[in-house]
Every structure is written in structure tokens, then in C-alpha cells.
């Protein structure tokens, strides 16, 4: 059994956006009790992460780490036509991944209690992002 | 066909733990010959990696790389209530991933001969870690 | 329904190799219209990435970033018997991943228009690389 839906998200620029409720709704709508839930962002400058969902400082620290690791405007980057944050967004997306697969158990995403699903917008400006969710079981 | 089992693991603190035998047993028990095996750690400070399984120095070098990349007690981190190693554990887990999907071929995980499946405990102290394995085919 | 095929690829050393056409062919051959496509490299010194597929400078910048992040011949690495690029290849593979799962929609990999699927060879010399593609739906 396969159930596939698309989520469309308007981001307000760089940062993390909790999409756990949307993913849970799709799993629930699928009627699948045991299986897999695959989440996929159809872009190369946004990604999907599982992150601690209790203290927002965790996501602030993660951003501070990433901006330090992949500095906007670094002279090592030549792909700069779309701005100083474009190539860093590609690198950050590759390091944190565009695909994410979760178990489905008892009709829900089988996450740990501290795990939240976040879309990570790596561009500084607002973007519309498309996410495909596929539930199988 | 779907087969799902949970592994419970007691770690002794930061380091890698070979879970290949447990995953192979579950694939075997599933009776699935061709398909996918999804492995998932239900935490945000432990992850799953595929790593070279012959020379233990590889995992020592990987740890040396990660501790240098994400230093414990770095002043860039504000989420420090649970200790100097807590926020680095979240970052390391996101960089190395909490989910892992393997092919199943001929009734076994279709790994290359040098690939081992390791749970990576990123906290310094001992923890109990839960891993969900879902085999489909 | 499950369809599994293996791709064998001869690389010419470090760099990215577009395997999108091969993956698309296998999805098409599977006859599966809606589902998942799992791609897996059976090695620990090559990986799979989704990357911007229009400007080759992006992949050049990514390589420049990675060689700076994980320097060949770094004194922190002890696993050096097979060469200065061996341990960096393991680290780079773990950071960028050996497994990749894509949605299948309308009988094709459901990629965004700028997403290409690349095998990333991290060793400097030529290698034969095996990739398992599993389509389910």
C-alpha cells in the first residue's frame, strides 16, 4: 500500500520550520499502521533534519555552527551569481540531506519523544518549498 | 510485506557500536528476500553510520575528526544545561544521520564487504538507545 | 512490488558522476508508478548526493569545501596505509552518505528540476563502484 502527498511551504528565509504536524497528518490519512514514511524536499538549497524539539536554543546553536562551517561569501566559492548565500545553501543541504525516512508504527511516525521534523531553509530570502511525503506499508 | 522490530542497546558512552549482527538477524527473521531494510535511532544525540569494518583505526580517526569539527564546550553553543557534550552530540547526530536505509538482496542486507552498521553514541556517558528496524519487500 | 538492479560504474578518480539517467531507466523498467526508489553505494569511500545540476561550478565549489574540511594527509589520521586520501574518503562518505531514497511519482524519480543524482568518488584513483537500485511500490 502506498500513499503520496505533497506539502507546499512558504518560508520566511533561513531557519528551521517544524513540519511534524503535517507529516503526522499524512501518515494518519494513509491508514497505514506499520511501514515507512519518506519525506523529500524537491530543492537543492533546503533540507530536512530531525532535531531536538524542546529547547529552541538547539536550533539556534545548529545555525551558528553551520554559518561558521560554511561561511556566506567565502572566497572558496565561485558559484555566486545568485548571492553570497547560494553556494553555502547547496553545501548545507548536502551535509544535512534532502531525504529523510521514518518508521511508521501504530499508525504514526515512530519518532523518539525529543525528535521533531524540520525543513531547513538555507537561503536568506523567503522561498516556496515543495516536500513530497510517501507512506508505504 | 512488512516486518518491524526494536533493538535496545546499552552504550558505555561516546563511540561506535557494531549492530550489523542484530540487523542481519532481523532481516533473516523477516523472511524477506528482496526489498529494503530501514534502521532508525529514536534519539537526537546518537546516530547511525556505515563505516569501514576492518581497521578500528578508521573509527578512531572519525572520532578525532568529529571532536575537532564540533568541539565539546565550544563558546558558540548556548544549549549547555545538560553538559558540554550535549549540543555537540545534537550537531554530530544531524551531520551523520539518525536514519539509514539498506537494500535487502538474497535475504540479507546488501552491504559491500567493508561496510559495517554502527550506532554512534555521541554523549560521553552511558545511555540506553532504541533502534527501530523495518524490513519491507 | 519490488524491482532491484545493480549499476556498475568505472570512475576516473575523485569527483562527481551523474547517474540520474541510469536511475531513471531503472525506475522506468520497474513499471512502478508511485513509490520509492532507493539508491545505495556498496563502498565506504564513495557516496551519493543530490546536487544542483545546471552549473558545474557548484560541484567544483563543493569539492573545494570538502578538501578544505577534510584535508588529505591530515596528521589527525592514522589509517594511512592505503594513501593520504583514504581516511578522508571514509569521512567524506559518512558526511555525504552512502544511501539515498527518492520518491517515485508518475513513473519517474520525483526530483525537483535542479536536482541531479551524483555518485561522488572520494578516492583520487580510478575505481569500479557498485550501486544497488531498489524500486518499491
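Per-chain residue numbering starts at 1, and chain names A, B and C are given in the order in which the chains are listed.
By definition in this document, a contact is a pair of C-beta atoms (placed from the backbone, for glycine too) under 8 Å apart; a residue touches a chain by one contact, two chains touch by 3 or more.
Here the structure is a predicted model, which means the values were calculated and not measured.
Undergrad: Which is it for copies chain A and chain B: same residues on both faces, with over half shared, or different residues?
TA: different
Undergrad: Just how much do you need to spin chain B so its Cα atoms sit on those of chain C, in degrees to the nearest 5?
TA: Angle of rotation between the two copies: 120 degrees.
Undergrad: Between chain A and chain B, tell me the centre distance in angstrom, where each centre is the average of that chain's C-alpha atoms.
TA: Result: the chain centres lie 20 Å from each other.
Undergrad: For chain C, which residues are shared contacts with two or more other chains?
TA: 36, 69, 95, 97, 101, 136
Undergrad: What residues of chain A sit close enough to touch chain B in their complex?
TA: Those in contact with chain B are residues 34-36, 49-52, 55, 57-58, 60-62, 64-65, 68-69, 95-97, 100-105, 110-112, 114-115, 136-137.
Undergrad: Under the touch definition given earlier, write down the residues of chain C that touch chain B in their complex.
TA: Those residues of chain C that touch chain B are 2, 4, 36, 38, 40-45, 69-70, 76-79, 87, 90-91, 93-95, 97-99, 101, 130, 132, 134, 136.
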